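The two complexes that follow have chain A in common; it is paired with chain B in the first and with chain C in the second.
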Partner chain A sequence: MSRFHFPPSIHSRPVYGTLAPRAGAAQIMLADAEGAEAILSVAQADPELMRRAHVIYIPKGTGDRFTDPLRAAAPDILHIAPSYGACTQRLHRVFSAAPMGAQIYLAGTEGLIGQAMALALQIGIPKSAIQTEHRGSVARRVQCVHCKGITEDVMTDPFQCGHCGLNLFVRDHYSRRLAAFQGVCIDAEDPGNVPAPVELYS
Partner chain B sequence: MSAGPGKLPVIVTAKVKLNDLVTRFEFAHADGKPLPPFSGGAHTVVEMRDGDVTRLNPYSLMSDPVDPTHYAISVRRDAAGRGGSMFLHDKVQVGDRLVLGTPVNLFALDLTARKHLMIAGGIGVTPFVAQIKQLQTTGGAFELHYSARSQALASYADDLRAAHPKRVKLYLDDQSQQIPLERLLSGQPPGTHVYVCGPRGMIDWVLATAERLGWPPEAVHSEEFLAPQSGKPFDVELAQSGKTITVGEHESLLEAMEREGVDAPYLCRGGACGQCETGVIAHDGTFQHHDHWLEDDERDGSKIMPCVSRFEGTRLVLDR
Partner chain C sequence: MTIQFNDETFRDDYTFRNSEWAIKRFPFPFHEDSYMYSVNMERHRGGPDGSVYAKRFDVDEHYIAEMRDRALVLADDPLRCQSLPHMTLAGWDLLELIMVSKSEDYPDLFELHRDGTTWRWVNKPLGIDDTFTFMDEASLPYGPMEYITRQTQGDFAVLDQRENNLWMDAGMVTTQADWSLDFDIGMNFFEWHAPVPLAHEMGVFKRALKFLLNVQQDSPARRLNWTMTVNPLLDTSPENYHKWGIQKTTLTPENVGRKQHLRVELQTFYRLPRSNALVFPIRCYLIALEDLVTVPKWGRRLHRVIRDLPAELATYKGFIDNRPIILDYLSRFDDGLPTSPGIWPDIHSEPPLQT
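Let's turn to the complex of A and B:
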């Protein structure tokens, strides 16, 4: 099962729901890795809706495990992208061309959901038109508050910033603008005193 | 301090007949003071003293919201109404003194919107006239789709089209023209808000179409002022005031309370704003709810909106 129930945390920390089919002038779906399962459950609930859907999917190491079932669900458009970065231009165009009433479905990892959410809001899509469902990895997209570099798919706490090399404590404090959790130097006052990294939610 | 909005003494500075149904009234402050600015979509409650009867009717302000020298309203003659519009049309003249309520806005533009799509039916165009003036100063994108019975009855259509030829579109019933609502609501860019003001049927049509096409409720705005409906007279006990009053055939419960000196709260007097919501302590009879405010589970005898709703039965006790 690819669902993980995040323990309650501070208000800043995003919470996710469960995708459900919704009537709308357009149906736009974006998922990575196990997020495909959430899209497939929408397709199962409403196969007709799926026939009007534009699906963008990033397998992210799952090979063709989900691409074949997604193809079988017969969306209007299915675009397979190698990474989020590789599909941002397409996503920008699709969101910008979406009429009011379009329904947006985001599923998969927090990094993907957060970045696509920020892009959609920036384009003017109302928040209430966007549904999210977390699936798969609990890895986080983290911004180093010191050098501002963003590291994708952080799995441990603390971790070493991929940009400046500081040892960062991963907070639940989240930036919706940046779609990133905040990483703060853990050994600033006692350099070198760094606890052993622990896998997130282990 | 009255329970209603503040009061502005004004003098009628112009009375302009636009067509067979609609007349515009313009007001300046009676003491020459500046009138407060408002936001597009705001209304004012006009106090009309017609012999023994006092009427307070809401009308949308349609003058420039930042022009302190005058307010303007446009009033549609309603021969079947309770007489407020007829009083203004037939009895109020330039130079008369009136009292207006300070502006209240229940139909404001959402300024976070990227574009404003306005849909007007008949006299429902008036709040949009003020909103368009407001948007001209901020450069906001808008379109007005305006439906009227005929060219002659399309108040302000010529002015609006002359000023905004690419943004204002007129549809005339007598030429079988209809707003292409489905197409309009299917092709709006992200961040558009839709606003509708007009007859009930048009509002319902827009709300239902927007919902079916997936528009989020917060991007859909509507305004309809209800006139209080006449009905059988009924008695009401006011528990807080210790009075028992009779609501006449052609007055509202709110008006009857005011006549008896009960300072009841109100803002819109049209069943929309919720300000006059009143608790029901006891009742034996049936309610005629006419408001847009109460939830269905509040209409079972727990609350009433005295500006537009009535009662038929043997006993009604209100928490007022």
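Let's turn to the complex of A and C:
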């Protein structure tokens, strides 16, 4: 099962819902990996809606497990992208051209949802037009508060910053602007004393 | 009175010192012998002569040195000062508020001469004499918020008000108690306070927000907050925590009185006229324990507060590991006598330490 119930946390930590079909002049859907399942359940609930849908999908290691079912759901446009970075310009273009009343569906990992949410809001799409659903990996996108570098798909706490190399613990404090959790040096007061990494939510 | 400005540092050799004057006017934050969170907000309309409440933007002996330290922090990390694009008007509001207040409250130190939109600002302590066009960004060397807050002690959070919430959309933050403007910019009131333990459950932030949303022009508010800092380090930022965190481990029974500082924030809140933003100056005052205990009432009370503070708060404030050393030291200045209510030193009415 690709759904995970996050335990209650602090106020800055995002919470996610469940995608549901909503009437709208345009239907823009973005998903990565198991996020496809959330799109597929929207398609199942309202097959007609898919005829107006522009779907951007990043398989992220799931191969063609979801690409064939997505194609079978017959969206108006289906774009398969190799990474979020690769489709950012396209997404920018699609969000910018979205008419009033467009509906946005974001599904998959927190990093993907957070970045696309920040982009959509920056472009001026109202928050009320954006639905999110977390699926798949609980990996986090984390900003090192020291060097400001962002490390994608962090699976353990602590972890080593991919930019400056400091050992960071992963806080629940989250910036929607950066679409990232905060990582803070774990051994500042006792250099070298770094606990063994533990998988997030294990 | 004329202020004698100190030549001192808040880093490396830490030559920061409080004079006798600065000690007696220190904003001691505990009005009773215990502490818990509360919405301890009151009107900010002056206070006893010479106290840190007396003027709208208090200037003290540390002014020049603090501005020098701020410039060093900004050179190292310009992200400590940021303003989202819609906040420029609030920046001008803030510049006006500070220039008008300081020139009225300290006419011997600051002058503001206005002729229509042509303004001349004279800052004698910092040797600045600039003429610029109000509301024309190109006429200043920095944006308006950065320009004026490079010349004003304390951090500044400039909060946009919309959707019944406050949004941290601009700020100058170089003397912070371990929070990051760069990370928190754009957050609402509940989000940027998210990491604070216990207070959410107590409803403190809901009540505080309700109060702040209703702060009116010309009725600023204030409160005190506090934490503990080893060495008189102004820049206790998360950005540099991997550099300064280790200093917390240098505390010993021999040096605790000199090294351990009580860090107090005088937080004030002003409604800004054009932007309807709320500016939230957070002014940091530091005092070494050995100076603080020269006021008998404060020595007695600080011991009791630190001793009885819930472990969660001592952890959040970052001194749980050092609490035993601090308490050993402070207990020598607590003879068990009762203390008078309120924050003031009451030097002449409170008994000296009984030994």
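Basically, the second predicted complex is superposed on the first by the 202 of 202 C-alpha atoms of A that agree within 3 Å, B and C clash if a C-alpha of one lies under 4 Å from a C-alpha of the other, contacts with A are read in each partner's own complex, and residues count from 1 in each chain.
In this section, contacts are C-beta pairs under 8 Å (C-beta built on N, C-alpha and C of every residue); 3 or more make two chains touch, one makes a residue touch a chain.
The structure presented is a predicted model; accordingly, all values stated were derived computationally and were not measured.
Novice: Aligned on chain A, chain B and chain C: do they clash or fit?
Specialist: fit
Novice: Name the contact category of A:Phe95: first (chain B only), second (chain C only), both, or neither.
Specialist: So A:Phe95 only meets chain B here.
Novice: Please work out whether A:Gln103 is in contact with chain B alone, chain C alone, both, or neither, and reply first, second, both or neither.
Specialist: first
Novice: Go through the superposed model and pick first if A:Ser12 touches only chain B, second if only chain C, both, or neither.
Specialist: A:Ser12: touches chain C, not chain B.
Novice: Would you please give the vertex angle at the Cα centre of chain A, with arms pointing to the Cα centres of chain B and chain C, as a multiple of 10°?
Specialist: Nearest-10 rounding gives 70 degrees.
Novice: Have a look at where A:Ile150 lands relative to chain B and chain C in the superposition and call it first, second, both or neither.
Specialist: neither
Novice: Name the contact category of A:Ser128: first (chain B only), second (chain C only), both, or neither.
Specialist: So A:Ser128 only meets chain B here.
Novice: After superposition on the shared chain, which partner residues are touched by A:Ala25: those of chain B (first), chain C (second), both, or neither?
Specialist: first
Novice: Considering only C-alpha atoms, give the closest distance between chain B and chain C in the superposition, rounded to the nearest Å.
Specialist: 9
Novice: Would you mind writing out the residues of chain A in touch with chain C in their complex?
Specialist: For this pair, the touching residues of chain A are 10-13, 143, 145-146, 148, 166, 171-173, 175-178, 182, 184-185, 188-191.
Novice: Under the definition above, what is the set of chain A residues touching chain B in their complex?
Specialist: On the chain A side, the touching residues are 22-25, 95-96, 98-103, 120, 123-126, 128-129.
Novice: In the complex, go through chain C and note every residue touching chain A.
Specialist: My answer: residues 79, 180, 182-187, 190-195, 200, 238-246, 248-249, 321.
Novice: So in the complex, the part of chain B that touches chain A is made up of which residues?
Specialist: 114, 185-192, 194, 210, 212-219
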